[in-house]
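A, B and C are the chain letters, set down in written order, and residue numbers restart from 1 in every chain.
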Amino acid sequence: MYKILSKADLPRLIEKWMEQATVYAPVRQGDFTKFEPLNDPAQADLYYAANTRYPPKALFLPQSEVMFRAKNGELESTEDEVSSRVILGIHSCDTRALQLLDGVFLTGDYQDPYWAKKREQTTLVVLGCADPCETCFCTSVGSGPFDKRGADVMLIDVGDEYVADVRNKKGQALFDPLPDASQEQVDTSRRVQAAAAAKMKKPFESEGIKDKLYSLFDSDFWPKVQQSCLGCGVCTYLCPTCHCFDIVDEAQRSERVRNWDTCMFRIYSQEASGHNPRPTNTERVRQRIMHKYAYFVELYDEIGCTGCGRCVRYCPVDLDIRQIIRSAQAWEES
Amino acid sequence: MNDTWTPRIVVFQCQYSLYCEADQMWMDTQLPPHIKLIQVPCTGRISPLFVLNAVQGGADGVLISGCQPEKCHFKEGNLGARRQLDEFRRFLAYLGMEEERMRFAWIDLSERGRIQQELADLEETIRAIGPNKRLVTRAITIGEQP
Amino acid sequence: MSQLTLAIRQEAARILEENIVDVVIGFEAGTLPLKAQPAFITQKEEAENLVHNGFCQNNLASYLTRRPKEERIGIICRGCESRAVRALVLEYQHDRDKLYLIGIPCTGIIDWRKIEREVGENALQAVEEGDEVIVTTRDGEHRFQRADVLHDSCQRCLHPNPVGADIVLGDPLPKGDPERAWVPVLEFETLPPEERYAYFVQETERCIRCYACREACPMCYCTECFVDYTTPRWAESMITPSGTQAWHIIRAFHQTGRCVSCGACERACPMDIKMTYLVDKLNYDMAQQYGFEVGASDEAQPPFAAFTLDDKNRFVR
């Protein structure tokens, strides 16, 4: 179902949503934007930056999440401390990433209640990218700037208006009162989407990447590639699909907390005995790339990367995953 | 100024500080509840991390008490401490924590009653400048629990 | 291609060919127009990939402690990098005999953030031409004065010329102005204490504890960093004011007498956190109190590695 929303009417619509839910949108902070709960629709800045630096996965898997508190000898879980939310202005890459993470957190036998409840309570109003960035590569990993998977509503910018592709009941609850889009407007939106995808360059071919990476496991490729990697956590923390965490009991705060962890740190896999199955940067860099482009594919039949480009932009040493995959595909054992 | 407010003070005491026995006994048994005593083998053991941790945990003042130069049980530990802690005090002041909150006192065996005097003096100084409002970011673990 | 780049490539190729070193560390063209990538070349033919320009963001000395200890390393270093190498050698982290320093007087690193602030995130190409930087984006060409877009640390740089190099390529540059270098620290000190603390809180609030600052720093090489100690836990990994503030304060403090003011920490930070104002204060104090500057000599011990009976009793009672 397609609705039409003029950009001038968006603030009023947000206000309406705010009566029933907390609305999150990119808010300007210094030179970049971050998803924050809005006090005022005017705070939302959907276009200042192509995407936020800090990924919106933090709204579902917070960097530090209190799991339960100890109070008077009782344990109080925080899983129900979640209210109705709307996330406006999230892009397709990040939305698709949430869907991929559903595969991790909502497996048949065990559903992570913290993740599940937040996902249930949140409506995603996705803003597709009419003008993809130089560092975006979603089309190379099976996605695209207007990938609708996971979206409750997809907004397509057609100039002074958005054509809103309302995908399900959650989306309808937010967009029902709006007028339907005309056929002409829908056609325009289709042209915008096709043009955006066509503009994107394809830095690598992902066909067969899983098997190629497996074949390179013991090769000299990895010791070479890892040389410039500093082993910091920028790529993993900014990545919308990275999800590893460490659980800590903070005694002074009487809380059990789940914190993001990164496989790029030596201590990530350090065992109490002193043994470390990934003792050097080589093993760790290899693991990171293979987790996204081989192991994830093995487990879920999907590439575990959505091409958002944050790791490419913010890696302190310009270690570029696009270049790594392209080199891997081309690598010939000598 | 709230008269019922008592400054929280953390004392790092070198265990070989040559307090006379009476003074040491006082330190071990009669220290008021708002003063927390931490003994270290030598002031040279004191890392800026200790001081920062004390401040983050609510200390309004920090006193470091050690042996005088040339009287260090470990020969020169107290000299090593001097430079680092001097600079750390300056650094914390740069970040907004008043310099007067952190002190280093070298005490000799012959100086009876000196430690009580230092503590009283520090307390008076702290009372004049008020509770520490910078860097206190953890649950308070000194003195009466709030 | 400039004469300097040619000279660098020739020297790098020579020291590999003559088996003086096993590897040469430098920069090569990156995938992003405003950045270069660190390069590690082992064959003389690879020397033609080496570049030297204002887009080389990193302090290459941070790789010395990551290489095998027995490796003989050639390193192409600018002022701050060479001082960091000297500091590392002083701390016994590498054998000076196994290093070959190709020194380059440095005209500063271009801050990609300053450029993107003006022209947005989609630079397609960037070149330096004399005093200008020309950036091409989707909507055309933009020109900048190089001096305006240098990284803050480079604008204040006191030592553009390499120290202790085996060979220096390029012409020496005038030293920086100490008055200018210390301005931000001195100005910060004039602010009232509440404002200084508030600034510190405001900057550190954004920290995501990725430790890019630590990893980019040549002087942070501890195999076990204090943040990873568990007994006691000085800085919890949970994102809290206490953990994050402890991280920034102590990391800066651990650099006292060791930091070369290269600014690599700030450049690495993905959240644009300012942190050089912390280490610059410590460097200033070391210069004022002890007359000490990192990398000024081959032998002078950093102030915290030494002490004397005559140290001033500034605050001791």
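The criterion applied here is as follows: a contact is a pair of C-beta atoms (placed from the backbone, for glycine too) under 8 Å apart; a residue touches a chain by one contact, two chains touch by 3 or more.
For clarity, every value in this text was computed on a predicted model and none was experimentally measured.
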{"item": "Contact-richer chain pair [A-B vs B-C]", "value": "B-C"}
{"item": "By mean Cα position, the chain sitting nearest the middle", "value": "C"}
{"item": "CA centroid of subunit A to CA centroid of subunit C, Å", "value": "32"}
{"item": "Distance between chain centroids, defined by C-alpha means - subunit A, subunit B (Å)", "value": "48"}
{"item": "Centroid spacing, where centroids are CA-atom means, of subunit B and subunit C in whole angstrom", "value": "36"}
{"item": "Overlap residues in subunit B, where contacts from two or more other chains coincide", "value": "138"}
{"item": "Interface hub residues of subunit A, defined as touching at least two other chains", "value": "none"}
{"item": "Junction residues of subunit C - those touching two or more other chains", "value": "240"}
{"item": "For the subunit B and subunit C complex, residues of the former touching the latter", "value": "48-49, 52-53, 56, 69-70, 76, 79-80, 82-84, 86-99, 102-106, 118, 133-135, 137-138"}
{"item": "Subunit B contact footprint on subunit C (complex, rising order)", "value": "188-189, 193-198, 200, 226, 232, 234, 240-242, 245-246, 249-250, 252-253, 256, 278, 281-282, 285, 289, 303-304, 307-309, 311-317"}
{"item": "Interfacial residue positions of subunit A with respect to subunit B in the complex", "value": "252-253"}
{"item": "Complex contact set, residues of subunit A against subunit C", "value": "29-32, 49-50, 53-54, 63-64, 133-135, 227-228, 230-234, 236-238, 246, 248, 250, 257, 259, 262, 265-267, 281, 312-314, 316-320, 322-323"}
{"item": "Residue ranges of subunit C in contact with subunit A within the complex", "value": "30-32, 35-40, 57-58, 62-63, 66, 113, 116-117, 121-124, 206, 208-212, 214-216, 223, 228, 236-240, 264, 267-268, 270-272"}
